[in-house]
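Same chain, two partners: chain A is paired with chain B first, then with chain C.
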Partner chain A sequence: MNYNTGLTSELSDLIHLDDVEAAILFRIDGNVIKSAFKEEHSNEILRTIQWCKANVEKVSLEMKTNNLAKVTYELNNFNVIFSVVNNVTILTTLAIRTANMSLLSIETKRKAMLISASL
Partner chain B sequence: MNMSITERISSGIEGLDVLLQGGMIKNSINSIVGSSGTGKTTFALAYIYQGLLEGDHTLYLSFEETPSKLIAGAESLGIRIKDVSQNFTDLIHLVESEKIVEFMTNILPALAQKLKHKNVRHTRIILDPLTPILWEFPSEREQRKVLTKIYQHLSSLGTVLQTVEEPNAFGQTDIGAIETRVPIYLSDTVVHIQNLGLGGKYNRTCKIVKSRRTAHHEGIFPMHFAHGAGIAIDTSSIQTECDEPSIYDTRYNELMKKVKQMSKDKDPKKRIIAQIAKNLLNDRHEKGDKIDLVDAITSPQMLQEVKK
Partner chain C sequence: MKIATGTASHRSIHQVTKNIVKDVIGDINGTSDFLMVGFTPNYRSKQAYEEALVKLSDESGTTNIVGGVFPGVATSDGYPTTQGCSVMAIKSDDITFHKPYSYSNIRTNPKKGAKIILDCYNKIEQKNKMGFFLTAGPFFEPDAYEQMKILDTYFAQKFKGMFNAIGKLINKNMGKNGYGTANYADEILSILAKKNIYNMIGGATIDIDMVTNFQFEGINVLKDAMVGTFFSSDKLEFDMDWTFDKSQRSDDFNVSDYLTSGYVQKINKKPARKAFLDLIGISEEMYNEEFARYANASLLYLSALSSDEGEHVPYVSIIQSILNGVVTTIPERILKKDNVSADFFTQSGTGIQESAFECAIKASQNIENPCFGVFINCSNRLLIAGDKIEKETNMIKEAIGNDVPFITFYSGGEFSVIRNKPVFAAVSLHGMIAGENTTKNVVF
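== the complex of A and B ==
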């Protein structure tokens, strides 16, 4: 399978979860590799995405330095989960504040592994 | 404005023409920006090689490397400049650092005028790297003044490709740095190449920062060094958007022309080779495989097969 099709389908799977609003695969310098969003998205989520893009480099450096596999932020009514995919890419999942974080943690970890395998 | 009617030339870099909707605009200024070791000179060598294949006049001005070193570098990547140019040592001109100012302000405009009078059809001009010129003019105002003048002369002559060094530590990037600001501002097209040095598919990437008069593709695209092509950009993520990818591939069309000419040759061996190449081309067209047809029609092994 084309690696690109693989990425698209993994991210689409993720946003099909009820609580997930957006899934973005970032390169650690803040460049977007691939993204998927729920059809209706608000200005608020765009603000959060902008924050993610601006901070992904800093967060990924922190994760690498402290050997963290996952970092969660609560921001603007969203939960933002950063999961390490490989040395250069990081999966960012934006979910609603009331999301089931245990379930989401497992699912994002699984997706990060699948994306890593397809890259 | 209809962007598709602009006359374009093939860059010679696999995938870049797809991102630029058909190639570089004729008589435009194109910048390749990247830090050390990202592949800027390889871009330039692939560009000059494509020019030689298409019969363009070429002018490669090197401000750092000697011609023999550049040719050796190209050969090691399978860019066979020697095969398409008999006087390959005259292709690249080394401009010594103490003569840069004089060269850029006096000699180059005069050279441009001379070539214009010679009625050269189209020239590919390479400035590799532009950075030493920028160092000669530290203030942005001066840089702008000098570069505007140079670009006016050069763009009247042909299509310019210049490489610009991004002044950062390895793996870091800052395209908006003072050292790159003026050339980026004045260029028609800016291609930013990066190497994070950490491995993986998105370690080396290419991004079109701007391209005037072009609805270029956005996003970052994986890039790798490839034997034969020099550099290849993976555009598979947008290939489905193109109805007919082959129309963007001018090298493919050029080779098809050559094969057609060969098929009419008196020499029966050449006609057979042309037939084999045609079969390979059609096969590539159907399957989308990457086959270097220069190899296919000039390889001694292929000739031996034909003899058998």
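== the complex of A and C ==
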């Protein structure tokens, strides 16, 4: 499996979960490495993604400084989960507000581990 | 003996099955004698699960397959998944894996289900036996509790005898329609224990979203059914035990008034819903916000009845704004005393990990060389642990040995017969270990 197909597949797995709207792999400077979205997405999702892009550098610095593996924000009717993949990459998962966060956290952690292994 | 376990995760059930065939079935290198299979519910269609089972059966060469759908599945050698499949494949001359049984009407006729299990058990001649069975678990519509409103009326408080009977009927009807497992599972356990079944581990399939709820027997995908099998051996021994997180015990309270339908009207002589919320110290708004997604079941605050033997039997309490009482998963068999004393145990991530270690240690204490294990863990414990769930797997490994393969299903009700005693518990972990005892038979 080549590198790009592998990443796309891992992110596609996440957006196949009912509660997940988008999954984006960011470099900590805010550049998008890979992303996957549900077919229909609203302006609200796009606004939330913009917020993620604008803030990922700040969030990752905070995570690095405090040795945090995962941070969750509630924003614009979404839960935004930032999971550390490695020193320079962050996996961001956008889920609906009523998402089952316990179950989702298991899959986001699994994906962060798999992506980390493939990078 | 060859045992292979593995967990695969992918959005496509075909890809998951392919990975399992490669990593688990392939590892056995030949025909398997038995497959234990747990899929997660996200693949939804019955046909998809059927095709997956056919593939697993074709590739492994066996139709001795038992399993079901669970919100989480795990094996000793992988990270747990909520979007995939876990399989344990066994090939062994030392164990006989008996032909799986199934019964499609378990919600309405548990006695018949128990008879099917007993018929299978009575044919076994080897001295060591262990049963494994799964039933359909909770599967109901959001408005299922509406029917219970009648139990809050003035007449229900006044004419208890009559309303006990009405409550039973309502509960039975809800049971038929997929509400809970307490009544039918506990009835099966009681019959099995009375008929001298010694050890049998069991659990209920569940989809937390209440959309997909299947049980597997061979290549058949069933709904509202019971499936199971027995393992037997003259050489290997089987043992099992159970536990729950008892680390944080708080208030004692009195279930002062109840109906035998598992509907508690009063706690400490006050209307049960309000008293329950006062005991756990949170407002109704906050309770609804936290637990609405989980059928309003109080996951973190576990009530447990004090039994005559000084043990605790945990059950789930369900608070619905439309009801003044509390719906519980207490089996009717247990509610026979006038006043039932109970305690709260607040569940925690750390407590759950420690109780997993305790369960595995207790289940394996009489087995010198464990060969494999099966664990039925509560899906509520999965929700409490979240992404720390692999720590529970690590604790089990620490207890039984790093190289001992095991499979874990996160179920919608755990129920076993343990050393001839029926155990129906909630938010608990039940585990069985198979293995050899070499020194026990030495004669000096």
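Operating definition for what follows: the second predicted complex is superposed on the first by the 119 of 119 C-alpha atoms of A that agree within 3 Å, B and C clash if a C-alpha of one lies under 4 Å from a C-alpha of the other, contacts with A are read in each partner's own complex, and residues count from 1 in each chain.
As a working rule, a contact is a pair of C-beta atoms (placed from the backbone, for glycine too) under 8 Å apart; a residue touches a chain by one contact, two chains touch by 3 or more.
Fair warning: this is a prediction, and the values are worked out from it, not measured in the lab.
> If chain A is used to align the two complexes, do chain B and chain C fit next to each other or clash?
fit
> Identify the partner contact of A:75: answer first if only chain B is touched, second if only chain C is, both if each is, neither if none is.
In the superposition, A:75 contacts neither chain B nor chain C.
> Where does A:119 make contact in the superposed view: on chain B (first), on chain C (second), on both, or on neither?
First partner only, chain B.
> Which of the two partners, first being chain B and second being chain C, lies in contact with A:29: first, second, both, or neither?
In the superposed model, A:29 contacts chain B only, not chain C.
> So, A:89: does it touch chain B (first), chain C (second), both, or neither?
In the superposed model, A:89 contacts chain B only, not chain C.
> Please give the nearest C-alpha separation between chain B and chain C in the three-chain superposition, to the whole Å.
21
> Touching chain B in one complex and chain C in the other: list those residues of chain A.
In chain A, no position sits in both the chain B and chain C interfaces.
> Within the complex, which stretch of chain C touches chain A?
Residue list for chain C touching chain A: 9-11, 42, 71-72, 79-83, 208-209, 293, 382-387, 389.
> Any idea which chain A residues touch chain B in the complex?
My answer: residues 2-4, 27-29, 31-33, 86-89, 119.
> Looking at the complex, which residues from chain A come into contact with chain C?
Checking each residue of chain A against chain C gives 9, 12-13, 16-18, 70, 98, 100-110, 113.
> Please name which positions on chain B make contact with chain A in the complex.
Touching chain A: residues 173, 194, 196, 198-203, 205, 207, 219-220, 236-237 of chain B.
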